[in-house]
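Per-chain numbering from 1; labels A, B, C and D assigned in written order.
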Amino acid sequence: MSDVSDWWRTSIIDMEPGRIELRGHPIQDLIGNVSFAEMIWLMVRGDRPTPAQARLFEAALVSAVDHGPQAPSIAAARMAVTCGLPLNNAMASAVNMLGDVHGGAGEQAVEMYTHIADWDGNIDSALDAWVAAQGKIIPGFGHRFHTPVDPRAPRLMHLVREATQEGACNGKFAEIGEAVEASLARRKGRPIPMNIDGATAVIYAELGFAAPLARGLFCLSRSVGILSHAWEQTEQGGRNKGPTPPSYRWTFDPPRKTDETA
Amino acid sequence: MSDVSDWWRTSIIDMEPGRIELRGHPIQDLIGNVSFAEMIWLMVRGDRPTPAQARLFEAALVSAVDHGPQAPSIAAARMAVTCGLPLNNAMASAVNMLGDVHGGAGEQAVEMYTHIADWDGNIDSALDAWVAAQGKIIPGFGHRFHTPVDPRAPRLMHLVREATQEGACNGKFAEIGEAVEASLARRKGRPIPMNIDGATAVIYAELGFAAPLARGLFCLSRSVGILSHAWEQTEQGGRNKGPTPPSYRWTFDPPRKTDETA
Amino acid sequence: MSDVSDWWRTSIIDMEPGRIELRGHPIQDLIGNVSFAEMIWLMVRGDRPTPAQARLFEAALVSAVDHGPQAPSIAAARMAVTCGLPLNNAMASAVNMLGDVHGGAGEQAVEMYTHIADWDGNIDSALDAWVAAQGKIIPGFGHRFHTPVDPRAPRLMHLVREATQEGACNGKFAEIGEAVEASLARRKGRPIPMNIDGATAVIYAELGFAAPLARGLFCLSRSVGILSHAWEQTEQGGRNKGPTPPSYRWTFDPPRKTDETA
Amino acid sequence: MSDVSDWWRTSIIDMEPGRIELRGHPIQDLIGNVSFAEMIWLMVRGDRPTPAQARLFEAALVSAVDHGPQAPSIAAARMAVTCGLPLNNAMASAVNMLGDVHGGAGEQAVEMYTHIADWDGNIDSALDAWVAAQGKIIPGFGHRFHTPVDPRAPRLMHLVREATQEGACNGKFAEIGEAVEASLARRKGRPIPMNIDGATAVIYAELGFAAPLARGLFCLSRSVGILSHAWEQTEQGGRNKGPTPPSYRWTFDPPRKTDETA
């Protein structure tokens, strides 16, 4: 029996009939005594945040819940419901859309900030090295829609500064984020402001979360909007909702003539 | 353009460059000012909870985050990570496990409580009618593992009573839940205590959530444990983790001889 | 060890180092000797089709591979790729769209045909009973786009008649399908022709597949189109492709004023 | 309207009411006239295979359908069914398990073969360069279970040689695969035989499929086993099947004491 038990091992949960302990805390002591955000922190990391850390963490979770029905994740949730799926499957399909491009910028930004923090040289050379290795997209900066400014970023950065004053974090990654923003403006000759991914990445990095958790926590946050839209669509009804009204047709590009062998 | 815009319509989010409003509130006013649980409530329903409602809602969200690596959802998340998937896809596969049997009991319990609330007759006849229509499993009561008592349920019910005294809800569904528990004990001759699904269903019904949202909110809550286990497995490493150690083999049931036609 | 082995048991596959047997056949004897369609039949059912059965089965699999980028499943696959997902995750999200409404009509049609086959009375009363129990949508008949005729249905029905003459099946469900079509035309006063789901359901019922497998096999068939579109989108490129061009905006329905409590 | 139509564009399918053309062929001309494997080829690539190419392609599709209930994908499908999911969602969760580690070896092997084909130097230096860039796992060679030999690989390679004689391909990637096998044996001092991923990668490379399609086609092939196991589990019944019998418990690793801040 021991090899089977060892195959599945965890520090997160201990259990026997009538007893559940999460990260060493009896579940009944947590219920009603910790906020949902504190519970997320405890579960993911094992320790507990200070009140100031919890507030900053909560702000990041609140900020990313939704970006509207044109976001592929939200659209997928709404489409799924009209295909006859219940909320759980709609949520799964929607979260499954949060790949490197749609959901990965926060993780990539934490990695970039960490790269810069570890870099022995100035911000410009750090960014040059990042671009050389990772390509020209600077994760967490600029927004194809929210110009000139993504309204979530300055609010989140304001809260980071407050939290730094309260000792929740040391402000190092906020400075790095601002240095990136300044460098980009210099290099491009126009502002490329920090967006929500750049700002939440500052928060997650300040609070000591590993880069992949920036994506995992984004998935959790965006699940709120996903659930909300899936439920709204459930109430609206509709059947087999495609991306555009049925009267529209796609463009058919006739195949180039090829030599078919059979 | 209007038909395309009308194809996608929502009361949840309004947006233009530099402006995001969720349920009528500018996002920057929400960030740092509402808790994550309050944000979930606002997004899903459109209104905002009282402080006492928010506390009760938060308790339900906290209570259901995890049930260990043998729960199919948690196991799926851990397996996915070892198959080379990042956290987002692992979370999606895991949430996709929360079907009627694994994730539906809360929704079914809200439906049952509502059926009882609308029933013109006593609790026993209400349950008889439920069983006749839905089958013998009473959702939200009894637990195959947590005997005699699921430690989460009494704690949650205690908080419902507190919240009722604070005016967060009226206690009607708590009474129904307790009546079901008493009726089941009488009918079976032994206690079939309310479990976590029965207790969170009381809370969601007390707070006025539609039954399908009991499942949707459970998915959100369980996503926390899913993320935590997926991340722990990421740090543990491992490749292609199947359900049991590789040295085990399944039982092969030889096919009955059939007349093969080719 | 035996209880763990017994937990996972199957008649499908037997294996030891260097040996794989599927449904009792060494894998190396199948590779190169059975068609992919025959392999699907063997795996799902355990027996092997006659050549005429295999041809009819194959026609059903071929017929349902694609319905264009406005089908939610295909759209989801294409969107997923632009979100940074590889083909496997894009395929998963797309198949996950094939719920009761988008992917369930074939399964429902097999159930309806079976209901009619078991009905003691004429076709009209059988359909009345079906509608009374299941609602007014007759699965497998009519098409919101392909009017007057879904070109796949008559071709498939022609092949069913050929196969019946060859002894691959007995034609009973083809007759039922045609009787439904005739009854609907009489009742509605206009043709409601059999569509692809109605026709593939005839085939799966004729060949003895259980109703849920009509959906499972549809998922397999549609996976071909899903893969093709996901790959085409991969080659086209694009980032975060939402349902409509970014310049479009959804319609925002301002929330009705509610009494907010906080 | 044109911008919306242009947003969705494809060479795969053209459609108007009553007409469906796939890759330029009316659907009714394909149904009953092409095999399912030929249809997959046509849909994915746009051209049609010769009979010898179709046979070789079909062998690859047949070979990878299943690897038993301990494979995470198959286990996930079976678990999903017992959680109350229908076949479509079970298939989606299972395919979603086919990440880089569980489903990516075929794609990686095609990339490695292509790297070797393009390499200006001998096989040993090509492999050294591959390992330096990609890490020490040589995709497609060795098997943790099937020792000494994966029975699928020699059978597939035999078919490649036959197909080469028939002019279906030129045998270049088969030679590369065999050269890798020989080099690994020399370098390791023991055989590291080609496995199914290495052999199907030879086939897909010989037939001119891009590397990512080796993964996509594997997903399609494995979907057959996934469906079969999901259906068998449906018939077996069971509720909330976790990875091991419920009497087993995981190993709890108590957390290291940390300085908690709250």
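Simple rule for what comes next: a residue touches a chain if its C-beta (ideal position, glycine included) is under 8 Å from a C-beta of that chain, and two chains touch if they have at least 3 such contacts.
Small disclaimer: the values here were computed from a predicted structure and weren't measured.
Visitor: Keeping to the contact definition above, tell me which chains border both chain B and chain D.
Guide: Chains in contact with chain B as well as chain D: A, C.
Visitor: So what's the Cα centroid distance for chain A and chain D, whole Å?
Guide: 30
Visitor: Need the CA-centroid distance for the pair chain A / chain C, whole Å please.
Guide: It comes to 35 Å between the two C-alpha centres.
Visitor: Let me have the rounded angstrom distance from the C-alpha centre of chain C over to the C-alpha centre of chain D, please.
Guide: Here chain C and chain D have centroids separated by 22 Å.
Visitor: Among the residues of chain B, which ones contact at least 2 other chains?
Guide: Residues 4, 6-11, 13, 15, 68-70, 75, 85, 89, 92-93, 96, 98-99, 103, 145, 241, 243-244, 248-250 of chain B each touch two or more of the other chains.
Visitor: In graph terms, with chains as vertices and touches as edges, which category applies: line, ring, star, complete, or other?
Guide: complete
Visitor: Flag every residue of chain A that touches chain B in the complex, lowest number first.
Guide: It comes out as residues 3-4, 6-13, 15, 17-20, 22, 26-28, 30-32, 34-37, 39-40, 43-44, 55, 58-59, 61-63, 65-70, 75, 78, 86-89, 91-93, 95-96, 98-99, 103, 145-152, 154-156, 158-159, 210, 212-213, 215-217, 219-220, 223-225, 227-232, 234, 236, 241, 244-245, 247-248.
Visitor: Which stretch or stretches of chain A touch chain C in the complex?
Guide: My answer: residues 4, 68-73, 75-76, 79-80, 82-85, 89, 92-93, 96-104, 144-145, 239-244, 246, 248-250.
Visitor: Quick check: in the complex, which residue numbers of chain C touch chain B?
Guide: For chain C paired with chain B, touching residues are 1, 4-11, 13-16, 23-24, 38, 46-51, 53-54, 85, 89, 92-93, 96, 243-244, 248-255, 258-262.
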